[in-house]
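By letter and in written order, the chains are A, B, C, D, E and F; residue numbering begins at 1 in each of them.
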């Protein structure tokens, strides 16, 4: 259970109201998710976090489904229960079926394994990224 | 520096030769990357790892660029130096320019932040994945 | 609760049936554990994961109890609730009593502490592994 | 490079001298490893860490090689460069050859993968440890 | 639920009794917290852990509230549910209100994000700590 | 070495120039640190990150030294080499001597150990934060 009292959706603080309204309008939902209600205990931080997420989670050169897949991959690697739930749901809402979810998670599992093996053997990088290859 | 002597590319072990040949053919490269040379100190494990990676890193319902992006997201979250280098290079080879790389890493940074805030407040999941919503 | 509907033990998919049967025969159990039922939502990935685990978790030069202890140490370090439960049970089934479990966890706690202190001070390695010491 | 000036092996501080002498005598070495020289910048903490490690890393019901294997498994999972080097060397000194090292690391890689898959699907524990099974 | 049977507060083991009494006296509480009851399944390890925590969590040049804030920051970064709960409570008992908690967690979230971005770009350190700057 | 070409301090992009100028003015330095030069490969993300850090790393109810200590604790727990270096230097610049650094790191090491032991035994929270105790 939460370590703070979640802020009510109709809390009178003006900054909180502005952000809650924007969250619901942007995400096209009618309930404010728990994470935002907890962050609202510090209205300035709530606003900082929301404006950041809103700016980053817009379709860009990288589309929105790919961004949500990345969010899920990070959340799994970090074992974040709240985020695994919310991003699995978000990817499913954007069209990811069980088979595609399985493909995504197969890659996540594979590289959690490969990362540790690479660290274990303390090998040196061999494939150089672009920055090093261009003169 | 590596904690084991990397296996030479022309090592006579038959299992190692079979895997090294397949790696170079599949990835269309002429050098065996260091990670595989380290894993080759245990030929059975080398083969297990390679066959697994080969099966998973094929284009499926999820395309190859997305899979490499996931690999990069996991490697960054795990701070794996070898893998960050190799998967940054892989995504760049598949067309990711600096702007797209910035978009991808923005998402990775954002959710490393959001994951910890969700854990910090110990909030309960609110958005239920599909499994819970279907009767 | 799971993010996907766990696959039923009598699911008609042939690949799933083959793997479920092998899991129960190999582990000498009559229920398929939840992790395998979740992975079965992608039958090819289920088979990849099971064949890998089966090959690695056989007694080798390193015996099975030691392998299960390693599994537990990794699961604790990763804070994986499902795996901490299942590998604590597995080690207990193989003979680890509360005193031995305490010894194992003491080592796990100790090195989670020592790892971070080594990183904190950014010290250089001094004890070189074999690869570096042999001419 | 280190973030503090490593304490010289002949530092006059009495607490530091007492601990340095004990480290060398216990480990049968003639150089004080870097980690202890860094910790010596806070002599009380140095002594706390050393007495703890000395007590835990004694052969008990769990033998010393198994304890060093656990230390390595934790260090790999935490990607601690200093500790991966020192514990790989320690296990090799106690008899672990390349094949056994490969077996140990195969288990470490496997469970870094399985842990994340278990978290990804948010499955509930099924195998109950001893505490829950005894009436 | 715990993986071991928690040791009863009136357990007859003398080492356990000595430590339990000291915990309650030092923390000015009348119940032994669960973590200590679990550690008590290995009385020697219980005593090692308690004496270490008692020595470190005393006010020093760094005051106790700051130490508890550090404990909370570490526990959030490690997503440790038990510790997030207990250290949030501890900081609140020492005077941290919701606004201050928000400030602390904002820093924790920020650096979980910045750490990964720094690793992602594999940049070299530029600001050198004192040890490197003094001749 | 970096995976992208670090943006030059005199890069003509207006958004980059605005942010670089503000970084140097705010931090009272005359060189732009590497992390910001890497982030500048995506000017919008650079600005998002900088404005966030600037807002959070101001003295508030929690003073600046405490905030830098938290940053260091997180960076150590995440083993981020770049950040460990930069935040150790920052805390030293704000007055933290070797003894105080030792105290801070002792707490970081202690709770990396205690977190994993708490997870290992799967104990239930007992000390409830304020939210749960107030009616």
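Keep in mind that, in the parts below, a residue touches a chain if its C-beta (ideal position, glycine included) is under 8 Å from a C-beta of that chain, and two chains touch if they have at least 3 such contacts.
Keep in mind it's a predicted model, so treat the numbers as computed, not measured.
S.K.: So if I look at the partners of subunit A and the partners of subunit D, which chains show up in both lists?
M.R.: B, C, E, F
S.K.: Kindly list the shared contact partners of subunit A and subunit B, in label order.
M.R.: C, D, E, F
S.K.: Write the angle of the rotation needed to overlay subunit C on subunit E, where the fit uses Cα atoms and the result is rounded to the nearest 5°.
M.R.: So the copies are related by a turn of 120 degrees.
S.K.: Copies subunit D, subunit E: same or different interface, half of numbers shared as the threshold?
M.R.: Because over half of the interface numbers appear in both copies, subunit E and subunit D meet with the same residues.
S.K.: With contacts defined as at the top, give the pair, B-F or C-F, that has more of them.
M.R.: C-F
S.K.: When the centre of a chain is set as the mean of its C-alpha atoms, what distance in Å lies between subunit B and subunit C?
M.R.: Computed from C-alpha means, the inter-chain centre distance equals 20 Å.
S.K.: Between subunit B and subunit E, what's the gap in Å when you average each chain's C-alpha atoms?
M.R.: Chain centroid spacing, subunit B to subunit E, equals 33 Å.
S.K.: From the C-alpha centre of subunit D to that of subunit F, how far is it in Å?
M.R.: From the centre of subunit D to the centre of subunit F is 27 Å.
S.K.: Using the touch definition from the top, which residues of subunit A touch two or more other chains?
M.R.: Touching at least two other chains: 1-4, 39, 45, 48-49, 52, 56, 77-81, 84-85, 88-89, 99, 103, 105-106, 108-110, 112-117, 119-122, 129-130.
S.K.: Name the graph shape formed by the protein chains and their touching pairs; answer line, ring, star, complete or other.
M.R.: It is complete, because no pair of chains fails to touch.
S.K.: Which of the residues in subunit D come into contact with subunit F in the complex?
M.R.: Where subunit D meets subunit F, its residues are 3-4, 39, 41-42, 45, 48-49, 78-80.
S.K.: Spell out the part of subunit A that touches subunit F in their complex, as residue ranges.
M.R.: The contact residues of subunit A facing subunit F are 1-5, 44-45, 48, 52, 55-56, 129-132, 134.
S.K.: Which part of subunit F faces subunit E closely enough to touch in the complex?
M.R.: Residues of subunit F touching subunit E: 1-4, 6, 31, 33-35, 37-39, 49, 52-53, 56-57, 60-62, 66-67, 69-71, 73-75, 77-78, 80-83, 85-86, 88-90, 92, 97, 99-100, 103-104, 106-108, 110-130.
S.K.: Help me check something: in the complex, which residues belonging to subunit A touch subunit D?
M.R.: Subunit A residues touching subunit D: 76-77, 79, 81, 84-85, 105, 108-110, 112-117, 119-122.
S.K.: Can you list the residues on subunit D that touch subunit B in the complex?
M.R.: 79, 84-85, 88-89, 98-99, 101-103, 105-106, 109
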